Amino acid sequence: MNFGSDNASGVHPRIMAAMADANVGHAASYGRDDLTARAQDRVREVFDAPDAQVFLLGTGTGANALALAQLCPPWGRIFCHRTAHIETSESGAPAFMAGGAQMALIDGADGRIAPHALSARLFDYPQVDEHDGMNAVLSVTNATEWGTVYSAAQVADLARIVRGAGMALHVDGARFANAVAATGSAPAALTHRAGADAMSLGGTKNGCMALEAVVFFDPGRTGVRAADFAFRRMRAGHLWSKHRFLAAQMIAWLDGGLWLDLAARANAAAADLGRIADAAGLERLQPVEVNELFVRAPRGLIAHLRARGLRAADWPDAGDDADRGTIRLVTSWATTDDELRGFEDAVQSFAG
Amino acid sequence: MNFGSDNASGVHPRIMAAMADANVGHAASYGRDDLTARAQDRVREVFDAPDAQVFLLGTGTGANALALAQLCPPWGRIFCHRTAHIETSESGAPAFMAGGAQMALIDGADGRIAPHALSARLFDYPQVDEHDGMNAVLSVTNATEWGTVYSAAQVADLARIVRGAGMALHVDGARFANAVAATGSAPAALTHRAGADAMSLGGTKNGCMALEAVVFFDPGRTGVRAADFAFRRMRAGHLWSKHRFLAAQMIAWLDGGLWLDLAARANAAAADLGRIADAAGLERLQPVEVNELFVRAPRGLIAHLRARGLRAADWPDAGDDADRGTIRLVTSWATTDDELRGFEDAVQSFAG
Amino acid sequence: MNFGSDNASGVHPRIMAAMADANVGHAASYGRDDLTARAQDRVREVFDAPDAQVFLLGTGTGANALALAQLCPPWGRIFCHRTAHIETSESGAPAFMAGGAQMALIDGADGRIAPHALSARLFDYPQVDEHDGMNAVLSVTNATEWGTVYSAAQVADLARIVRGAGMALHVDGARFANAVAATGSAPAALTHRAGADAMSLGGTKNGCMALEAVVFFDPGRTGVRAADFAFRRMRAGHLWSKHRFLAAQMIAWLDGGLWLDLAARANAAAADLGRIADAAGLERLQPVEVNELFVRAPRGLIAHLRARGLRAADWPDAGDDADRGTIRLVTSWATTDDELRGFEDAVQSFAG
Amino acid sequence: MNFGSDNASGVHPRIMAAMADANVGHAASYGRDDLTARAQDRVREVFDAPDAQVFLLGTGTGANALALAQLCPPWGRIFCHRTAHIETSESGAPAFMAGGAQMALIDGADGRIAPHALSARLFDYPQVDEHDGMNAVLSVTNATEWGTVYSAAQVADLARIVRGAGMALHVDGARFANAVAATGSAPAALTHRAGADAMSLGGTKNGCMALEAVVFFDPGRTGVRAADFAFRRMRAGHLWSKHRFLAAQMIAWLDGGLWLDLAARANAAAADLGRIADAAGLERLQPVEVNELFVRAPRGLIAHLRARGLRAADWPDAGDDADRGTIRLVTSWATTDDELRGFEDAVQSFAG
């Protein structure tokens, strides 16, 4: 019963096979190989974005931080939800990569940035002069850290505010596949058609070994020069020399919609966990829209579940007290029926 | 009626005279002159801190950012009040100087960090591993951005939490003289005796031309090596070559308690403004404890005051609406009785 | 005939198989899995360094820049050979990761730092005060960029100078396996026994997919705290979530001395190329000690070789002119006999 | 006999008086005062550059580093002479301010960059891709660190190479007044008419207290946006709040050609020292073109001079040995005839 993280899952067999297939003879290094060109084309097709610039790399933190650094000057502010991964869990990577940028944290229920909270922030802290820093970019995590999704319309609502303030819009898509699977919206609809300028597209949590892409949808509009990003990626040490093994992952992941099948499987497993939790009368903190749920439970129950083999992260929350704590459960493409049954049994055995 | 900023005031004649007096012949550059050594000694005496390391420089943002960079690793978090100058008004200088550090913003009434809010933050975001960044330093602004002060006991309350979390404590003393004058506490009592490791001591707003000091009270305990800070100051371009002119300001400013006399004068002027505002029934947002006050007023009145010559910053606030706005009034050592009377007349002429 | 780079080679089958073997079920993420612990132990054994701290990551530039950032303060200088990869080919990654460190370039024949040149630099630019920056670390590339090696005694000679100046010693081991294979010296003898404090150990060029290690040999002596490096790696985006796939590479690479077998094969292929070049009377710029050679040749011959399928990098050199240019040939574990024969045929066909 | 540095001199009385004159009443802070606007206009007039953007600040290292950061991306290279102050004596400030930029050091006799050495470097290290970093800016120090000057034609020669490589040209003018006085060329002729994009104009060494300007001559061509530089200056802590005291220095310094009178006086004093040294048969390393000279002398003589009150910096040089060392002598506007005679007497008393 490993619901600790979707990062604990392995690599899907089709993706592993594609990496082995790519391992034939020599190939030009640093992304000048044919497979990389094909992978970039595939991303452009899937996103219906023929002019997009696509860069592959190996980690999500690298992708987020480098993408944001391209959109935010050193003296800029990166706006995001208070619970965004880039704020809480990347050890300051965006600030580092962007040369000392600052964050501006926005509230909103269920892990989603509330449009009115974003507007209020921009009102309370108008950018008058150089003292204030520059309001530069909003990063929207879809699916969110709280296992919820933004609809295309919700992204567009934020985009309008962002454009009005002269800012850019970035989508942190570490679990973007889960959002597409959950909403049924096209990748384009959730991103550039809704006003996004760039995204980090994550494969690692969803069946790949180490694969992320940074996509700039409309380099012309945003003033993003691909040449600049190439320098950034290089000097941050994120340009793989044997680049074909990133490309092979991307092609296999997108091929035949595998990425969405895997995400749908993860989402369904989380829905099952939600039903089990509800049946047992456990308190859930958020609706289950993708592959995460947050459960507040008596500390005795949590200890009992762990003793029965549960792996899940502690997730301290304002509502916790001496008696009750909160844990986060994450499913993945590799979650098994046995694990779901195991969770159900463990929960029921406590009540008994 | 210039209440726009204490930075709009000039240089006190005794300080200007001291700079002229220092202008004789050659003097060793870069702080190796005798006057600098004397200035450093004077700071140590005034703070009753014989082991303190004292560095002079010319701007408050430089002092804050460099002091914090010394106390916070690049992967650390700097905790401060939501309205702290280092967060809102320095264009990200601390993040820049510290190599990409992040801020953690804490709430609290009247511009003061609420101890329970600090504790709650540390509970909700415990530092488990490298993803979380390192909880490194708390910066306490005394006097605060909202014209209030921390007592020695209030600083000590925060220091206890900070020590328990393995963090350091920094005092942003851009208006420290005003806090000393207002509380009547000794400089030592408000800083190192209450648990502060370092401070930025500001002279510029209070009668100097361009003078700040960074003081490390107990370099041994905090692992601060003076040699390191010397490199930081140099490479940030903050090592004055003709250093004697910083030193001369410091000596004259501290001499005979001039710094506290000037601060007391500024505080008294703000108290007068507060009485005028109260008499006119204006809404004040904070108690007047030092040299600032925040007034919410009908926008028509604000326009009327400006037309009568008032200079004061707009200060957007959550309570503002279409009819009422908020302005900040700041007094200084150079505020004149004429200005106070002018304000009173202008306010009364609107009612009439 | 791909002699463009050892990065153009693929992944050795045993290493690819080990990655597939690791792909079973869930595993703790971010390096808290058992395989990672085993990989770290294996590195410590191979280097006979039981107290070493070992960190895995995916790129050589990441490894070099992060290791150097740990050894060099932002105001420090990194000394290296004028042709070192960290100076010429990493787009400033060390300066970036170290927060703005400077390089100091030292000369020396055949790609090796000349001890007297290092000493002379330290004499001419003594570190007097904070203006000078801090002489912090020497990085020795072994094998060098010019396809030569340092013996253990040569490393020790440099280490003595470095220690005398209070500096640390780093080994850039992107091709360290080739150096071990060429010298027959033990890994320990070429590193910590000779005075090295830390190294970047490269697997990618030598049979792995994406695998490097940063090793701190004696964290106690150098003041390197493993916890600090963990933060650095994280915030640079170099902490793989599915860390077991780095670990699997390392274990298979070291297992049974595969790493040295592969390096020896690459070295032998380069020796063959050297013999072919010599037989044809081509000018070689350096002795062939590992897997690279540099050939200055008539531009017509270079064009002819390329037309026959040669891939090799142009390598502009002071000795070039309108008639003659310089190319770099690199072999790898995957270089085939066909490629060697192809090169021989192509060279001979020009003469004919 | 203080020839240690021109920074050891004081402030010219007319400049000190101007600062006192500016100290009347309130003035808008942060450079929004009238005096600052006038000072900027004066710089534009003196440089015959009506479109130039002019920023005032207090230190030369700040001016150089911030100007270069504006012209060089984080992944760029700053080219300069091997002995340039920005390389040897600013503790890495340009690398820091520019987010990790690298230096490329060029040789040349008498402290001047040799055009052929610059061209050769660009040939040997062509910029092929992102590995190489970006060749971004050349910084020319005029007058040089070795007390020599570039003529307008010499600057233009370098500018042609720089333009051909797509780079920008910066002039480090810490002693620009001395260069203008020595060459008799117009400020415009030595800078933007010769192809310079930006400069650091130094007043501190030449009669001011703390005053430098960063000037962007043709913001349109170089893509320099003034708004960006304002953010840089702010977040580096180099925006003086009481800005009128920078402006007052600039106006008085330029007024009536005071800056050139003071520089001419310093240059003449150095010429006198040169004649004294020549008469005594001392070895001079460079022609005396401005206010510095470098003398290699028996170590016994150096000790004798110091015992007689000489202040001069040791300047280790490749030609030194156990018997002979090198010192640097710097004159300033404040050098007195007594000091010149004292030096002459001290030299002669050794021979006796």
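Chains here go by letter, A, B, C and D, matching the order in which they are written, and residues are numbered from 1 within each.
Please note the rule applied: a residue touches a chain if its C-beta (ideal position, glycine included) is under 8 Å from a C-beta of that chain, and two chains touch if they have at least 3 such contacts.
Note that the structure is predicted; figures quoted are calculated from it, not measured.
Peer 1: When you check each chain against subunit A and subunit D, which touch both of them?
Peer 2: For subunit A paired with subunit D, the chains in contact with each are B, C, in label order.
Peer 1: Return the chain pair with more inter-chain C-beta contacts, choosing between A-B and B-D.
Peer 2: So, comparing the two chain pairs, more contacts are at B-D.
Peer 1: Taking each chain's centre as the mean of its C-alpha atoms, give the chain farthest from subunit D.
Peer 2: Of all chains, A has its centre farthest from that of subunit D.
Peer 1: Per the centroid of Cα atoms for each chain, what is the distance between subunit B and subunit D, given in Å?
Peer 2: Centre-to-centre distance between subunit B and subunit D: 34 Å.
Peer 1: Could you please state the distance in Å, as a whole number, between where the Cα atoms of subunit A are centred and where those of subunit B are centred?
Peer 2: It comes to 40 Å between the two C-alpha centres.
Peer 1: Going through subunit D residue by residue, note those that touch at least 2 other chains and give them in order.
Peer 2: 30, 74-75, 90-92, 96-97, 99-100, 130-131, 133, 231, 234-235, 239
Peer 1: Can you tell me which positions in subunit C touch subunit B when the two form their complex?
Peer 2: Within the complex, subunit C contacts subunit B at residues 30, 73-75, 99-100, 129-131, 133-134, 227-228, 230-235, 239.
Peer 1: Sort out for me which residues of subunit B touch subunit D in the complex.
Peer 2: Residue list for subunit B touching subunit D: 2, 4-5, 7-11, 16, 19-20, 22-30, 57-66, 90-93, 96-97, 204-205, 209-210, 231, 234-242, 245, 311, 334.
Peer 1: For subunit C, which residues are in contact with subunit D within the complex?
Peer 2: 74-77, 87-92, 95-103, 105, 120, 123-126, 130-133, 316-318
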